[in-house]
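Listed next: structures, encoded as C-alpha cells.
Note that chain A is present in both complexes that follow, paired respectively with chain B and with chain C.
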Partner chain A sequence: MITRRAFVKGAAAVTGGLGFPAVLRAQPKEILVGETHPLTGGLAREGNLGKNGIELAVNEINAGGGIRSMGGARLRLMVLDNESKPPVAISTIERLKDAGAAAILGPYASGLAFVTTQEAEKYKIPHVLDVAIADQITERGFRYTFRACPNAGMGAKHTVDYLGAMAKDLKLSVKRVVLIHEDGIFGKSTADTLQKLLPGIGMDVVERIPHSAATQSLANEVLRIKAAKADIVIPSTYYGPHSLLLRTMAEQRVDVAAILSVYGGAGSQYRFIKDVAKLADYMMDGNHWYNPKHPRIKGIIAAFEKAYQHPFAYEWMLAYQSAYVLKDALERAASTDRDKVRDALAATNLKDQIVPYPIAFNDKGQNPHARTLLMQVLDQKIAVVYPNEFAEAKPVIPMPAWAGRV
Partner chain B sequence: MSASVVLSSLANGVMLGGLYALVALGLTLIFGVMKIINFAHGALMMWAMYASFWLAKLGGVDPYLSLAVTLPVGFAAGYAIQRAVITPVLEAPEHNQLLMTLGLALFLENLALLAFKADPRTLLVSYSQASVSLGPILLSLPRLLAFAGALAVTLLLFLFLKFTDLGKALRAAAEERDGAALVGIPVRRVYAVAFGIGTACVTAAGAMAVPFFYVSPEVGNTLVITAFVVVVLGGMGSFAGALAGGLLVGVVESLGGLFVHGSLAQIGIFALFILVLLFKPSGLLGAPSA
Partner chain C sequence: MRRLPLLLLAVGAVIPLLVRSEYVIGTLTLIYFFAFVGQGWNILGGYAGQFSFGHALFFGIGAYTSSLLFVKAGLTPWVGMWCGAALAVLAGLLTGHLSFRFGLRGAYFALIMLAFAEIFRVAATNLDWVGGSFGILVPLRGHAPALFQFGDKRYFYYIILLMLAGATYGVRRLESSKLGYQMAAIRENESAAEGLGVNAYRVKLTAMALSAGLTARGGSFYAQYFSYVDPAIGFGPTNSIEILLRPIIGGAGTVWGPLLGSFLLGGLGEGTRGLVKSYAGVHLMIYGVILMAAVVFLPHGVMGWLRRRGVRG
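Here is the complex of A and B:
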C-alpha cells in the first residue's frame, strides 16, 4: 500500500527527474514575433519582399546571439498571409494575438495597415509598420502603432525641397510644372500636396492632369503635357500608367527637363529598369532608400541577393529595418510583456542604421526624423543624387532629348 | 487648344477604337451565335498577351509573327473551352451561363497571377517607340499597326462569314438554331467554332496590343469592359455595329479626355451605354429583334 508520504516522495522524484534535464540542456527561450503580409493577391510581390526582408534580419539577429537581455532568447517568426485583403488582415491580427505574439510586423500597404493597427490597438499589441505611408495611419491617437519610415506628406515635402535646392545649385531655369496623377486617393492627395508646396520653391503648376488608374492610353495626357510646355513632369500614379506615360512621352518625342516622381509607381525600382531598359534612364524619384555611405549596406544587399535572387528594393529594406527596431526594443524591455515592449518602442533612439536617418518616435508613433532621398536612373543604375551628403552621382538635368536615344 | 492637339487626339481615338472593335468583334460573335455573354473574354485576351510576350521575350519572335502560333492555339483553346464548360450549361438558365463564364474568368486570372505574379511587364520591340508623322501629327507606329491589323482581321472575318459554308452555317445557327439543326448543320460543332473564332479575335487583339501596352494578370478587365460597351452600343451580335461602336467609343473617349479629366472621360461612354440600353436596346446597328 502506498502511503501518502511515499506518494509525495515519488511524485517529487518523477517531476524532478522530468524538470532537471531541461535545465541541463539550457535551451534559450523563444520570443514569438508576429508578422502579417500580403503573400498572395494583388500585393503579393511587395508582401513577399517584406517577408524576406524580415526573415533575413531575424536570421542575422538569431545568429548574432538573439536578445541578450533575455539570455540570448531567439526570435521565432509567425508569418500569416493576409491575402492583400483588409478583412483577412483583421483575422491575422486576432490569430497572432491568440498565439501570444510579443509584437507584430508588417503589413506593407496602407489599406491593410489601417485595419491591422486598429486591431493591434484594440488588443494592446505593439505594431511596427514596415512601409504603409498614408499620413492618417499615425494620426488616430494610437499608442501601439510605430512607423520608422517617412509618410506620404513628408516624402512630398522632402522631394519638393530637394528639387528647389537642386534648381538653385545647378542654376536651372525650370518653372513650369505639370502634375499628372491617377484620380484615386493616392494620386489625388499627392498632387494636392505638391500643388501647395511647389509655389514655395518658385515653381508654377501650369497644368494638372488626372487620369484613370485603369487607363489604356495616355496619349491625350501626353499631348496636353506637350501643349503646356512643361519643364518638369511630376507623375504620381501606379506602375502600369507610370510606365505607359514614359513610353508615350518617348513615342511622341515630348522632351522636358525632368520627369520626377514622388513615391513613383515605377520610381526607384530595378524591375522597371529591367522592364523598359534605356527608357528608364534619367527618370528621377523621391523615395525610401538606404544610406549609400553606411558601411554595412553593401553586405546586406549582397546577402539578400544571395538568399532570394532579387535585386535591391526598398520594400524589403524597410521590413528588414522594422525587425531591427523591434529587436532593439526587446533588448531594452528585457521582457515579452506587450506593454513593456510598447514602452521600450516609444523610447527608441537608434542611430547609425542602414536608412539615412535616425529612428525615434513622436507621441503619435511616427519617426519625425525620417526622410526620403532623391534618386535618378543613370546608366541603368539607381543612384542617389540629392541631398549632397548622401549623393552618389550628380543629377542630370535637363535630361537628353528622346530623339537621340530611342 | 491647338488644332494639332485635337487632330492628334482624334487619330489616337480612331487607332485605339480599331483595337476595341476587334475585342468587341469576338464578344459579339459569341453572343450572336450562342446568346452567351462571355465574361472570360478579357482573361483569354490576357493569356494571349502573355503568350505573345513570352514568345517575344524568350524566343525573340515578333508579336505579329507569333500570331502564326497563337492564333491556332487561341482557336483551339476557345473550341475546347466551349466543348468542356459551355456546352454543359447551354440548356441551363441564363444566370448559370453568366456565372460559368465569370468563374472561368476568375480561374484564368488567378492562374495567371500564380504563374506570372502581379508585376506588369513591358515588351519593347524595335518599333515600340517609332512614330510616323502625318502633317502636324505624330502617329505611334505600333498603334497604327494594331489599327491596320484590327481592320484586316475584321475584313477577313466578314468575308469568311459571308462567303464560306462554315460562315453561312454560323450565321444560320445564330439566326435560328432549331432551323439550322433541321437542315443538317451540326449546331454543337458550329458553336464550338464560333467560340474558337471569338477567342482567336481576342488573341489577335492581344498580340497587337503587346508592343505598346503592358501585360499583367488584370490587363484584360479594363479592355473588356470597354468592349462590352462597344457591343451594346453597336448592337448585340452585329459585326458592323462592333466596328462602328469601337471607333465611336475610341473617339469619344479620346476627345472627351481632352476636355474633361481622367475617369470623367469615361462617363460620356457609360452615359451613352445607359441611354442606348434605355431607348434603343438593340443598339445602333443591331436588328430590332435581337
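Here is the complex of A and C:
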C-alpha cells in the first residue's frame, strides 16, 4: 500500500529532517520517468495542465522521501512536447526509450495515445495514461498500457445511470431527450452510445442534432431544440460550441428541465463559470472528478493553485493520480526494470485515492472500478450531486426558467 | 558525381547496422517518408508546374484503401497499397480531367485541389463504413511481415528507403525523358508548349496520374507505420501542406529537392527541439523564422541556390 506524504504545512519540517542526513550519505540514485504531453499546438492548454499535475505529484513524492524500496531514489522527469501531432508523439517515445525511461506518463489525448501506447508496447515500456479516454486504446491487446480513469463508454453509461436513478429519486416526469453533438469523433461516438443507452432508463431521443465544431452560430439548432419540446438537452461538444449553446438557449429563452452533458467540453470547468458567469448555473455534467470527501483533496487543490495559479481542473488531477499509480508500482517492484514495473502495475490495488474509486487493472490494462460523477454548477461552484455517497448538494431539476434569472 | 546516388543509398543501408538509437532510426524513417510523398507531389507540382494544394486527397486514398481492405477483407496491405495507388490514379485522372479540361491554372488549380481533398475529408468523416470521424485503427498482429507489420522499426526504415530510392530513380529517368521535357515546357509556358505541338492536357493528366499513384503509396506506408489514420490525418489541409513543404524548400522540379528539403526540415525540426528544451513552443518559433527566411532568400529552393552557385563558381 502506498503511504502518501501529505502536502500540508507539517510536510516541510518532516522532509527537512529526512533530507539532511541524505546529504551526508551517498546521493540516492534517480529513476528516470518519461512524460509525453502536447505542450504546444491545439491541445496545449490540456497538455500543460497535465504536465503541472505530474510535476506537483513528483515534487511531493521526492519531498516525501522518494521510492523507499530503492533507498529513497528520486524520480527525475524527462518531459517531452509532442506538439499535439502523432508523428512527433512517436519520436518522443523513441527518445524516452533511448534515454532509458523506466515508464512513460501522458499523453492526454486519445489520438496521441493510439500512437504512444503502440510504441511503448513495441519497446516494452510501461505506459500509464492520464486521460485519453477512447475505449479502443485498451482493446488492442497491449500488455504495457494502463489506464486508471473511466473510458468514454463507461462515462456515458455512468451518467445515464445517474440520470435514471435521479429521475426516479426526484419523481421527475422527463422523457424527451435531444442530443446535440459536434460531428467529430468525440461528439459523434458519445451521441451514438447515448442513443443506445437512454431507452434503457425509459427516455426517448426525439431529435439528434449534429453541428460542426467550428460553428459560429447555433441559432437554428436551438430552434430545433425548442420545436422538439425537449425535457433534457444533452450536448457532447467542445468548449466553444458548448458555451455558445447556453448563450443561444438563454437568448431564445428555451427552457428545459436540464442541460446535462457527458464529458462536456465546458461542463465541470471553472473557466466556463468565469466566462459565462450566471449562465453556467444549473448546468450538469458527468465527468472525471475528485472524491470531495477525501481528507487530502483540499490541500492538494490549494497546493496546485498556489504553484500554478490555476483553479481545479480534472486534467491535472488525473495526471497527478497517474504519477502516484506509477510511484506505487515502483515501490512494489523495487526495481527500474521495465518488466518488473509492468508486473507491479498489473498487480496494482490502490484504495483511498483522491479519485472516487479504487484502482486496479483488468487484463486489458483498464481500471474496471473507475467511474465518473455527476456535477452541477450551483451558486457559481461545481458541486457533486450524484451518486449520493459523494454528493455535496442536492441536484436542482428542473432548472429555473431563463426569464427569471438572466 | 554519377556514383553519388549509389553512395547515398549505401550509406542509408548501413546506418541501421551502426546506430542503436531508436530515435535516430525513427527520425530518418520519417525524413525518407516525407521525401517520398514530396517526390510524388514534385512530379505534378515541380516538373509539370501544376501547383496542387490538395495532395492529401491521394495520400488519404492510399491510407484508407489499404487499411480498409485489410480490416474488412483481410487483404494484406502489400497488395492493398497497389489497390490504393490504382484508386488514387483514377481519382487523379478524374480531378485532373475536370480541372484541365476547363483550363484551370495557377491559383485556381491549387484551390480546386484543396476543395477536392476537403470533399473527401468531409465524406470520410460522415461515412460510417469507412470509420467515420473515428478513422481506422489497423489491427496489430505482432511481427507479421506478410501483413506489412514488423516488431522492429528497422524493417520500416528499409522499406521506405527502397521506396524512396525507386521514386528518386524514376523521377531522374523522367526528367531526361520526352515526357519530362514536355512537362518542363508546359511549366515554363503552357501556350508556347501547345504551339509547339505538345498535348498539354494529356501530359498534365499523365503527370497527375504518376503523382497521385506515388503519393498514395506513401499514404499506405503511413497507415502501416502509425497503424492509425483518421479523416484529418488522411485528407486534412495540414497534410497537404506537409506534403508540398519539403519539395518547395528543397527545390521544386529537381530530382534531389524533396530529399534535401526533407533532411533540412527534419533536421531543423529535431535540432531546434533539442536546442530549446526549457520553453515550450520556442523551437517552433525558431523553426518558423528559419522557414520564412528560406522562402524569402531561396525562392527556387536549396537546389536552385546550389545551382546558381555552381554556375557562378
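Observations
By definition in this document, the second predicted complex is superposed on the first by the 381 of 406 C-alpha atoms of A that agree within 3 Å, B and C clash if a C-alpha of one lies under 4 Å from a C-alpha of the other, contacts with A are read in each partner's own complex, and residues count from 1 in each chain.
Keep in mind that, in the parts below, contacts are C-beta pairs under 8 Å (C-beta built on N, C-alpha and C of every residue); 3 or more make two chains touch, one makes a residue touch a chain.
Keep in mind that what you see is a predicted model, and the values were worked out from it rather than measured.
On the superposed chain A, the two partners chain B and chain C both fit, without a clash.
By the touch criterion stated above, A:Gln216 is placed in contact with chain B alone, chain C being left untouched. Shared-chain residue A:Asp183: touches chain B and chain C both.
Of the two partner chains placed around the shared chain by superposition, chain C is the only one that A:Lys122 touches, whereas chain B remains out of contact. In the superposition on chain A, contact is made by A:Ala44 with both chain B and chain C. Of the two partner chains, chain B is the only one touched by A:Ser243; chain C is not.
In the superposition on chain A, A:Ala347 makes contact with neither chain B nor chain C. Considering which of chain B and chain C touches more of chain A, the answer is B. Residue contacts after overlaying the shared chain place A:Ile90 against chain C, while chain B stays out of touching range. Using the contact criterion defined above for the overlaid structures, shared-chain residue A:Arg224 touches chain B, although it does not reach chain C.
When the two structures are aligned on the shared chain, A:Gln252 is found in touch with chain B, with no touch to chain C. With chain A fitted onto itself, chain B and chain C come no nearer than 7 Å, counting C-alpha atoms only.
Shared contact residues of chain A with chain B and chain C: 44, 183.
Looking at the complex, you find that chain A touches chain C at residues 39-40, 44, 48, 81, 83, 86-87, 90-91, 94-95, 97-98, 111, 114-115, 118, 122-123, 136, 140-141, 183-185, 188-189.
Across the interface of their complex, chain B is touched by residues 41-45, 182-183, 209-212, 214-217, 219-221, 223-224, 226-227, 239-240, 243-244, 247-248, 250-253, 271, 275-277, 279, 402, 406 of chain A.
By the touch criterion given at the top, residues 1-2, 5, 8-9, 12, 16, 113, 117-122, 124, 128-131, 138, 140, 212-214, 216, 218, 221-223, 226, 254, 257-258, 261-263, 265-266 of chain B touch chain A in their complex. Residues of chain C that touch chain A in their complex: 21-23, 25-27, 30, 125-126, 132-135, 137, 139-140, 151, 153, 226-228, 230, 233, 270, 273, 280-281, 284.
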